[in-house]
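My structure is below; once you've seen it, I'll send some questions.
Chain lettering (A, B and C) follows the sequence in which the chains are written, and residue indices restart at 1 in each chain.
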């Protein structure tokens, strides 16, 4: 295998619905400076940069080249990796492979998005990810794609709207301890059920927000002293072009997440994810998705996820804490979102989680989601 | 970097428009061709890296359109939103990490489905540069004027360079056949001194040392870097970060005297001025030295992000045929060469 | 100092080539038929037809006609307004669409449903395709899928 790779630093911005106080390079710089500080590195300690962003949302073609001064990448090797919703996690993977392959010693992954630039037309942009002939006429962005999935899950398991609502109730409780999160106010199940329906069965408060924000994570094969998070498993599955092809029609569990997780678990030597992981930062774009993802990840059996949440197993002090950061439901700067999961998971393993630290966390799981139900998985551990 | 070899390459016949195929069909064409040429079955391919542009394709997550067509189902795949030469870096890293033994790289671009000039304008800074209506052609014009001025050259020099590129392109079966006129497009550049907007795709198959027997073409060295963005922040009459990129490619590829050691060089020259400027940037003397853009370079076809990967394919084919041992393939992303990437390819036995 | 924001509206138009297989499918719709492609290697049957088999990467050379009937595997009523990238104006809502497993297909087809009230739709309902009278070879030749009573 290649060189062992560790995460030695992470930084992120304050994610908000509009960061009109900064230009994109300035927004990126905020995250980059925080990551360098956390990693105790100077800019010239970074050998290469991997940057990601969904440029249609900013309306800037080659947005990486335009924003290069914010990353510190000018004059350096810089790669752009952009795969839609999975961009952030794809960035982490690319940075990992560049280091593991011995191409560079220290690589910084930078994800960013300013969804406010597209003035609320995020769904419009997302619709263009799909086939212009067959899918765009019906699809209403990520919302309806997720709604289709939730419809199947609900029909299969009889899960109720109030069960799903618990996911965001808990997410907001966690986000109250995370100053970077965008949405931090508590919500109640009643409020979720009273919020407008976007696409049945998904209501407004079931769905993640759109945020402006950036995140940077430093990967290296030469960590100094201090606690690091070793990358123990990496995988992804970007199956399919059309949503109709997904799992031969059944989307009540996320097939790609199951496959990617099995591969990553095998690499990391994880046999019992529910017991072995101390914390999970999953990319849950809506409440219902959290249930599907938990089952695909093997954290519980089919149809059992709602009970996990209801019984408090996923709380910060529970048996398998999920999204102590507040998750995607509380902050979603799309090009950064998957990377934030990796950053948060690395913080847990390195013990820098502050108020949202899971006590004694040594093995963490970070997932990414996007596209036509694509998945990415990264396992981080305190031990190499 | 651990040893990575190129097992095979394929490219489409580039054209002004391929209305007969959508992106998936275009990518499949080149992947099927590659598998047929190499005799490999698709399940020998462990992982896939694609290269495409969301703006060019008019599709956010442009990689999604080609996932099935490149055989990515059931495999880990990712995408680099830059020229294919940069995607090659990521692909090589996946193999060098030991996680994957083989990797397919597929790049595509269809200039015909959008308006390349408007798309190019959208790449410039929205506050300071876009309002001038600048696009890739006008930026090339600015660069050409700076270059001619700096070197004290007459504009007719560009016509001579363009004629040499066209003569080479005439021998290239994959070249985008066009009738380019000698009319001024962006002073001092004429239409026939600017690379065409093409539809096309290219695929390259990489493998680790275990998959290779006897002599093969190896990715022996590389360099890449991104310059600052603003046109006014760069000296357009100079080759930007290319000399630094070339130095790193030569160093990692063990090339000490490029004029003597390189047998063939293929560069992405978006204009005839770049044909000269990039030659300088690579540290090659003005005459003699390696075979220079024998395919006609980008002047023969410019299918978006596939352009640099086509350069890799052209160098590979010549080395594989025995027309030399060592070659350099160059690609770019961004305008007037903001980001450059250079690969050293060498035909040799396993180390 | 107040924040400055600069508005820009890049207007980018695209002309997507439908390609070989979509052209076959759309001609099929014009003729009132739903066509699928079948893999010569593993016999997987996929609609819409496409060039590469999603399972085994075989060529999908065989074109077959599917019965205009299937099972509704999932559905949703889209209720929020958003700007349609096709038209540049907000898409009219509410509307329902779903994933239909057509008889003989190994995947599902995503399309509009006749029923606007999701309370009257059910997973596993049998649905049938309804074509327009006047057809031109576009996806809109298919009006919607309608639940079959009984």
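Definition applied: contacts are C-beta pairs under 8 Å (C-beta built on N, C-alpha and C of every residue); 3 or more make two chains touch, one makes a residue touch a chain.
All figures in this text were calculated on a predicted structure; none of them were measured in a lab.
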Taking all protein C-alpha atoms shown, work out their mean, then name the chain whose own C-alpha mean is nearest to it. A
Could you tell me which pair, B-C or A-B, is linked by more C-beta pairs in contact? A-B
How many angstrom lie between the centres of chain A and chain C, each centre taken as the mean Cα position? 29
CA centroid of chain A to CA centroid of chain B, Å: 32
Using the average of all C-alpha atoms in each chain as its centre, how far is it in Å between chain B and chain C? 36
I need the residues of chain A touching at least two other chains; which ones are they? 59, 125, 128, 132, 239-241, 245
Which residues does chain C have that touch at least 2 chains other than itself? 8, 10, 14, 16, 18, 22, 50, 54
Residues of chain B that touch two or more other chains: which are they? 24, 55, 58, 68-69, 73, 119, 122, 126
Applying the document's contact rule, which stretches of chain C touch chain B when the two form their complex? 6, 8, 10-22, 50-55, 57, 59
Okay, in this complex, where on chain A does chain C touch? 20-21, 59, 121, 123-125, 127-128, 132-141, 143-144, 147-149, 151-152, 155, 196-202, 239-245, 248-251
Residues of chain B that touch chain C when the two form their complex: 18-22, 24-25, 28, 32, 42-43, 55, 58, 68-69, 71, 73, 110, 112-115, 118-119, 121-122, 126-127, 130
Which residues of chain B touch chain A in their complex? 1-2, 24, 53-55, 58-61, 63-69, 72-82, 86, 89-90, 92-99, 119-120, 122-126, 223-229, 241, 244, 333-334, 338-339
Applying the document's contact rule, which stretches of chain C touch chain A when the two form their complex? 3, 5, 8, 10, 14, 16, 18, 22, 26, 46-48, 50, 54, 73-80, 82-86, 91, 97-99, 101, 106-112, 118, 122-124, 139-140
